[in-house]
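First chain A sits with chain B, and in the next complex the same chain sits with chain C.
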Partner chain A sequence: MLDGERRSGAVGWLFRVVILLAVVSVAAFAVLHAVPGDPVIIALSVQNLPVTPETVAALRAEWGLDRPLAAQYLHWLAGFLSGDWGVSFRTTRPILEEFGRRVPVSMALGFGGLALALVVAVPLGFAAAVRPGGLADRVARAVTVLTQAVPAFWLGLVAIWLFAVELGVLQAFTGPLSERLVLPILIVALYSLGSLTRVYRAELLAAVETPMYRTARAKGLSRPAAIWRHCHRRGLFGLLAALTPEFGWVIGGTAVTEVVFGLPGISQFLVESIGARDYFVLQAYIVVIAVWMLAVFTAADLLGRVLDPRVSR
Partner chain B sequence: MSGRSGGLVALGLLLAGFALASAWQPHDPFAIDLASRHAPMSLDHPMGTDHLGRDLLSRIMLGAGNTAMVILIVATLSFGLGSLVGVTAGLAGGVFGTVLIRSAEFVIAVPTLILALTITTLFGLSAVTAGLALGLATWGPYALLAHALTLRTLGQPHVLAARSLGVGRTGVAARHVVPATADTLLTYLASDAGRTVVSYASLAFLGLGAETSQPDWGAMLFEYRGYVFDAPMLLIWPGLAITLTALALNLALEPRAGSSRFLASKEA
Partner chain C sequence: MSVPFVPLRLGVGAAALLTVAMVGGPAVGQQPATVTVGKTFLASSLDPADGSAGWALTSHGVGQGLFSVDRDGRVVPVLAETVEPDGDGWIVRLRSDRRFSDGSPVTAAVVAQSLGRTSETNPAARATGGALAFTVIDDHRLRIDPERPVPVMASLLAEWPMVVYRQTDDGPVFTGPFQVASFDSGSELVLSPNPYYDEDVDRRPDVRLIRFSDAQSLALALEAGELDLAFNLPVEALARLEDDEALTVRSFPVAYQYMMWLNTRRTVLSDPAVRQAIDLAIDREMLTAAINGGEVATGAFASSFPFAGDAPRPFDQATAGNLLEEAGWVDTDGDGIRDQDGEDLTLDLHAYPQRPDLVSFLPVVEAQLQAVGIGVSTFVTEAVSELAQSHDFDLLLWAQHTAPAGDPAFFLNAFLRTGSGNNHAGYASPDYDAVLDAMAETAAPQDRTTLARQAQDRLFADVPVSFLVTPSWHYGTSDRLAGYEVWGSDYYILRDDLFVAAD
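Right, the complex of A and B next:
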């Protein structure tokens, strides 16, 4: 049921996506080839295999590194698209399998933190807008000031020390994954809370300036009721815009938290792999993050069109 | 604002401490003394010593140098690249300008961690390369801001007058556009200094900053992270240094009003 204009929009979108993914994958591919040191020799020595001209040549041929660069790129791309992402030297397991195990952990951390932040941000921002300068407003401001100055990883270390060592209420590293996720999710939530609350509050206060709000008050609604009934919707729109980049960072933005808490997510995998010069993991990570970001921004765009018909015209 | 003046006072104290630290430290920050490993806080070692017997206070004092250097590198790159790309895109317009602005938007979407990994992989680990990576990760918003300001300046009467008097593009850019954008850009640059402190510390904590032999706050936390159970004070002091510095910078250099939506934050 697409009319002509929309269809051309969809084609344009598809075109842009393909161009963007091509740029990203070429960049990811180029990184591997710009790296000082031969990945073949690194892979051999990591696996304690003898580095002789024969073994180097054999592995080079196996990876297709003896072919021209363009052919290598197409070979890598074809492999990537068919699910052959290569093998991690360090863990000796297929990279796709590693990502399959680790993406859910990263997602649980990212989405859990974001959901918790949202659940707190709406009532907090609402209370802050009802009484600007009041207690809720000052709490929200304190959270923002604090999270802009305290590094997340350090707060994580302090939390481990406080809750796992001093108070002994949580097992930071040895318990089941669900227990190990509690503190990290709280920290991820705290770091999204400040900006989400600020955006929601600002939108509510902007809506309070409109004639619509004055009319509602004139009808006899109290300030909280008028804000809830007539300004809340606008606040949600503001939140949606602020949430788009937050969703984009869900799987790639929690690296330090994953590392501090030793959570087996993809960013921790990336950091460990780079230490071991496992560059194929870096390639895969870049493409995975790019695809995820594209998906999030496209979904936000579509949702925005559904909610606000003016955007699609 | 009381927060602002408090921040300014704290910033002044930090700068005075930094000036002192670059000239004198109570102990040699590199001196390993295995006999006095994990010494508790004392008059001789006000913050105690680390697992190699190095004086923690001296290391933290000297560590301020890396932080200051990274702030300078990041600010220079963000400002330089951002205003170059933004002003050029605004003056050139057309397809070229669009490509420049799209590239800035693309850079905004690239995770800082990936950029930092790539750059440190290519150029080696050090505070300088980490600073370069952060600078390359953060110029995008400045380019968008410079672009918007350029377009606004170009439409103003005095610029139109200059154009009609025969002043060329470069003349207009040098005399009218760059000064008009620089002012606003510098305000945001100052307000980003605190964020740079935290971002750099995060990279160093992931092992992507200075090497651990160097006194460096983030690298110290990376080196000491295994002592959270046995010697937590090793983690408290460098973290406090980072937090207080970032807090002082944020409070002192916060822009007074206006939209910070251009400069949406990016986690490292």
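Right, the complex of A and C next:
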């Protein structure tokens, strides 16, 4: 009976996902075609080709832009589902290939930054909760203020100047990719660290008000030990909730960092594609990001059920 | 008991991770095994028939054509020996000693095949002479029949799409001093010396070309010792880099011109007197100051070309004011803006962010035109090609390489001939067109120079376009390339004289 309910729930979920992705793809298609700027003229200009009525008409026909919108959409959708995402007119390479080699770079940057932020946020947030107003609390607050006040590109340039120019401890642009990722990951981590630390700290301090914590203290546990044993789990829930939307920008949200550090990631590629009105790239991206966010929220939901079985019930 | 210290251990672990990551890099000042070059552009494809790939491959020292343009702006033979007229067509004689990087000879058949394919697939290759028909005469001679008359075929063959290549199973091969070793589109290109180029092949280094999206990062990479050549440095970094004894920083005037289209379709700007007043009201010295470099334009072409104008374009606000007054534009209400029949003399002025220098010009031009009583609203427009094609502007700042193949006809025809596709100003002048017609019938360089100057004089009088500044670009080299000089705008950055200095 329970299996039947689960199966029915899964089918319903799948149905909703398909509807949602269909709506997203139609919306993406419609909005991109409504945006000012003729991609054909831009493409010809970008490639230093003459913009004449003949060249415009020829390229429009080649891309299928001379057909009715519905036909264009269906043609694109059929190709997308069969793995033919089209060709980027800006780079003249298959879009799927571009995504395939750029997304891993952005993911390494985004996941690396979030992981590092998480690793630092937990001890820092813990120390801040153990002694509110203490040194760790002030550091966490300072990081939050710094990252809200200072643009990422400026901090990135300062980091390059300090570590590559002045100290010379790494090659920020010409070293192997693993070495080139060190500073960008630090920057990304810094920008997530403040908020994650504050969230974790706030959850711990909220848990300190619960009877469970007071009982533990009455039994003689020190404040740090009581917080770790009886409040930490709640803190992790808070971090999970805060991290879920953060994963959204892992694909496409680190453009500034990628530009400054010259990383061949998907975010920089997207920004350039937007400037060039590279429709097919942007359409593909919107659908990919929709699928990605669905996957992230589903994974977060499942993880929440594992951490707290009451959610499932 | 140790439980509370778990988070502290995590923190220590993170710090250790960071430390290892930071000190694990190579030693300071380590010399790269190859020459590393940073640029803000990179070939997007290795197929020269593909968009502007021919230009990029030539700039990277990989591609070559039958003809090229030398440092003094003259068209010179490269893979060809001569090109001679023959009835309505032309006969090209090839050099017999040139080979592709796979060792195969450059024959008339291969040249005809590659240029024929490019002419067929790339509209830019048809811009000057229309479709080109190639006929092989023998191993070293071929005939070219252009669809439209071409007075100087050598110039057409020096245009950037006309790169000669041979298709192989492993992709195209070229004849330049460097060959492609590996290619990561849009981010990195690794080159090695072409073993069949000349006897200096052993002296040439391998080259690693890296694309930078941010000019400040490019400057920092040079400063950090990661680059041997950084091309197109930002002006604001120059002073700092010049203080570094390990670096050589140079600036050079380029063949691009910064100009301003005046839309003659607009009622106000249909009056030549108003256009002349605008041209005279702009202090170009102030524009060069705004971008910390460059020269006042002498006309449509950079001063290095023989067909450039003789003198810097004039600045005379008093005459500009008089011209406006004679045209009936007077400030009757004392608001600082001239008016006529109740209408203020106000204009829209556009620039585009892809050329940041032009954006820097906006407030300067606005202030100077306001000084003679012309109100200006400024706009930064990203989709500038569409704006230009829609003719929905009064004044439009523009950057253009005006002699990409060393000949003045391309720009004068493509952008200003009556009814031409890129005639953004809507200029129509039978007198001007007659000069261009004469140029189409004239092959002698001196005569073409004279005609190009006549055409420019016509433009100076009619002012459909105001020529503003010939910009300077900046590059820096490490000690290893201290003697290497870049010229030819961004068309020939890596050449066959790229050698590493002896220690």
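Assume the second predicted complex is superposed on the first by the 255 of 313 C-alpha atoms of A that agree within 3 Å, B and C clash if a C-alpha of one lies under 4 Å from a C-alpha of the other, contacts with A are read in each partner's own complex, and residues count from 1 in each chain.
Keep in mind that, in the parts below, contacts are C-beta pairs under 8 Å (C-beta built on N, C-alpha and C of every residue); 3 or more make two chains touch, one makes a residue touch a chain.
If you're wondering where the values come from, they're calculated on a predicted model, not measured in any experiment.
In the overlay built on the shared chain, the residue A:Ile286 is in contact with chain B alone; chain C does not reach it.
More residues of chain A are touched by C (comparison of chain B with chain C). After overlaying the two complexes on the shared chain, residue contacts for A:Leu157 are found with chain B and with chain C alike. In the superposition on chain A, A:Cys231 contacts neither chain B nor chain C.
Once the two complexes are overlaid on the shared chain, A:Val165 sits against chain B and chain C alike. In the superposed model, A:Leu239 makes contact with neither chain B nor chain C. Once the two complexes are overlaid on the shared chain, A:Gln148 sits against chain B while remaining clear of chain C. Using the contact criterion defined above for the overlaid structures, shared-chain residue A:Ile187 touches neither chain B nor chain C, since it reaches no partner.
By the touch criterion defined above, A:Ala207 lies against neither chain B nor chain C after alignment on the C-alpha atoms of chain A. Once the two complexes are laid over each other on the shared chain, residue contacts for A:Val250 go to neither chain B nor chain C. When the two complexes are superposed on chain A, the residues of chain A that touch both chain B and chain C are 36, 153, 157, 160-161, 165, 259-260, 275.
The touching residues of chain B, counted against chain A in their complex, run 3, 106, 109, 111, 113-114, 117-118, 121-122, 194-195, 198, 201-202, 205-207, 218, 221, 225, 228-229, 232, 235-236, 239, 242-244, 246-247, 250-251, 264-268.
Across the complex, chain A meets chain B through its residues 20, 23, 31, 34-36, 145, 148-154, 157-158, 160-161, 165, 191, 195, 245, 248-249, 252-256, 259-260, 267, 270-271, 274-275, 279, 282, 285-286, 289, 293. For chain C in complex with chain A, the touching residues are 3-4, 6-8, 10-11, 13-14, 17-18, 21-26, 28-29, 32, 36, 38, 44-45, 50-52, 55, 122-124, 127, 160, 184-188, 208, 210-214, 216-217, 220-221, 223-227, 354, 382-383, 385-386, 389, 414, 421-422. Against chain C, the residues of chain A that register as touching in their complex are 36-38, 41-42, 44-52, 55, 58, 90-93, 116, 119-120, 122-124, 126-127, 153, 157, 160-161, 163-165, 167-175, 179, 182, 186, 222, 224-225, 228-229, 258-262, 264, 268-269, 272, 275, 277.
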